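Structure below; questions to follow.
Labels for the chains are A, B, C, D and E, by order of writing; each one numbers its residues from 1.
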Amino acid sequence: MILAKVMGTVVSSHKEPRLEGLKFLILQNVDLDGQTTGGFVVAADAVDAGVGEYVLYATGSSARQTTRTDQKPCDAVVMAIVDNWEVQGEFKYKKGKDD
Amino acid sequence: MILAKVMGTVVSSHKEPRLEGLKFLILQNVDLDGQTTGGFVVAADAVDAGVGEYVLYATGSSARQTTRTDQKPCDAVVMAIVDNWEVQGEFKYKKGKDD
Amino acid sequence: MILAKVMGTVVSSHKEPRLEGLKFLILQNVDLDGQTTGGFVVAADAVDAGVGEYVLYATGSSARQTTRTDQKPCDAVVMAIVDNWEVQGEFKYKKGKDD
Amino acid sequence: MILAKVMGTVVSSHKEPRLEGLKFLILQNVDLDGQTTGGFVVAADAVDAGVGEYVLYATGSSARQTTRTDQKPCDAVVMAIVDNWEVQGEFKYKKGKDD
Amino acid sequence: MILAKVMGTVVSSHKEPRLEGLKFLILQNVDLDGQTTGGFVVAADAVDAGVGEYVLYATGSSARQTTRTDQKPCDAVVMAIVDNWEVQGEFKYKKGKDD
């Protein structure tokens, strides 16, 4: 999985019918300090994540292993909202402290 | 999924029989301002997208999760035409405004 | 799918038994002008492509969606020989004209 | 598979229900001398690996081929803790010797 | 598939039970002249390849399409030992001649 920050949304009214109802989020990968790095990806939202939140997303066929994305042409899904992460015993991010 | 712009088409008369009838689009990835970045990919068209339109495409096994691409040797599919996208609450692109 | 040019072949007599009879092609990716770019990949041949031809190849599980590659440890397949491609309404390559 | 070092953990209380109970590890890839290189990935833990250990992780659909990750939206899994590795007959790392 | 050279091995005694008996090889990708390029990957061995041999490896779900790797958390497999390869009609490598 990749650690990322929700930056925005993409709207499409003309799409593969199976995608009806899915929300598409714009994500930017972050480094271990939580800073966004270059590039972005668009992922389906399986957990009602909001703009500004840190999340994990999964790609490939694993992106279809949620109730919302099952059997859909979707190759990236936000499957967890992050509370905190630590590196070598030190917290790098705690939700609520920085937000 | 990846945000891209339809740039052109590829034609093949000699191909795996299962691919008969699929249209192949040349896509270039775009940045959050809608500008094309380096490189391109060829994707099957599941939504009748036209040259110049912004689209989302899915890759890998997820590219076979549309009626048109099911069980075909296709690893990228355009599965949505984009109406608009926004980043941190600000519209970066609205269809019809710039097109 | 990726646009590439067939550059050569790889021969293996000692391999996974299921691969018996498959031909392995050396491919180099090309840019939209048909010029080879850095790097190469080895793909199974599903369409009897020859050295010098422009082709499309598919990767991942989609590479197993041909009669020849079904259920084989093969992650890239040439599934189409390219006749022509165009970008924004202009032909960039037509088979027979340049070959 | 990729050779990596366990650097930390990610905690999420709000996630896809199927992920309940999975531990998420922060991994950094290492070179053949065991030094971490740039970038990191988050992987599910199938083998109770600890911070500081060298491990192998598998990605894609193969990351779901463990008892803990089966049918879950998980695209990377730590599936082995490394005892040692050697390159051209010379040990580059032996567990216990350097730890 | 990717053309690579077998450089060494990785040993793990604590791993996902399904991996018992699989041998892990360290591979480095090579260019068309057979010279190793940067980076390496760890792959399961399906063909009893030895250190110093040129091989092809497959990644992703295709890496599970061998008798030894079926349904295992393995995302790369050596599925062929290379005898020779040629580019535009010229042999770049012949086994036995250079080894």
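One rule holds for everything that comes next: a residue touches a chain if its C-beta (ideal position, glycine included) is under 8 Å from a C-beta of that chain, and two chains touch if they have at least 3 such contacts.
Since this is a predicted model, take the numbers as computed values, not measurements.
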item	value
Shortest chain-hopping distance from chain C out to chain D	2
Rounded Å distance between chain C and chain E, as computed from the means of their C-alpha atoms	21
Inter-centroid spacing, chain E versus chain A (mean Cα positions, whole Å)	34
Multi-partner residues of chain C (at least 2 other chains)	59-61, 63-64
Pairwise touch network: line, ring, star, complete, or other	ring
Chain order around the ring, beginning at chain C and proceeding next to chain E	C, E, D, A, B
Of all residues in chain C, those that touch chain B in their complex	1-3, 32, 46-47, 56, 58-67, 69, 77, 79-89, 92
Residues on chain E engaged by chain D in the complex (per definition of touch)	7-16, 18-19, 24, 26, 40-44, 51-52, 59-61, 63-64, 71-76
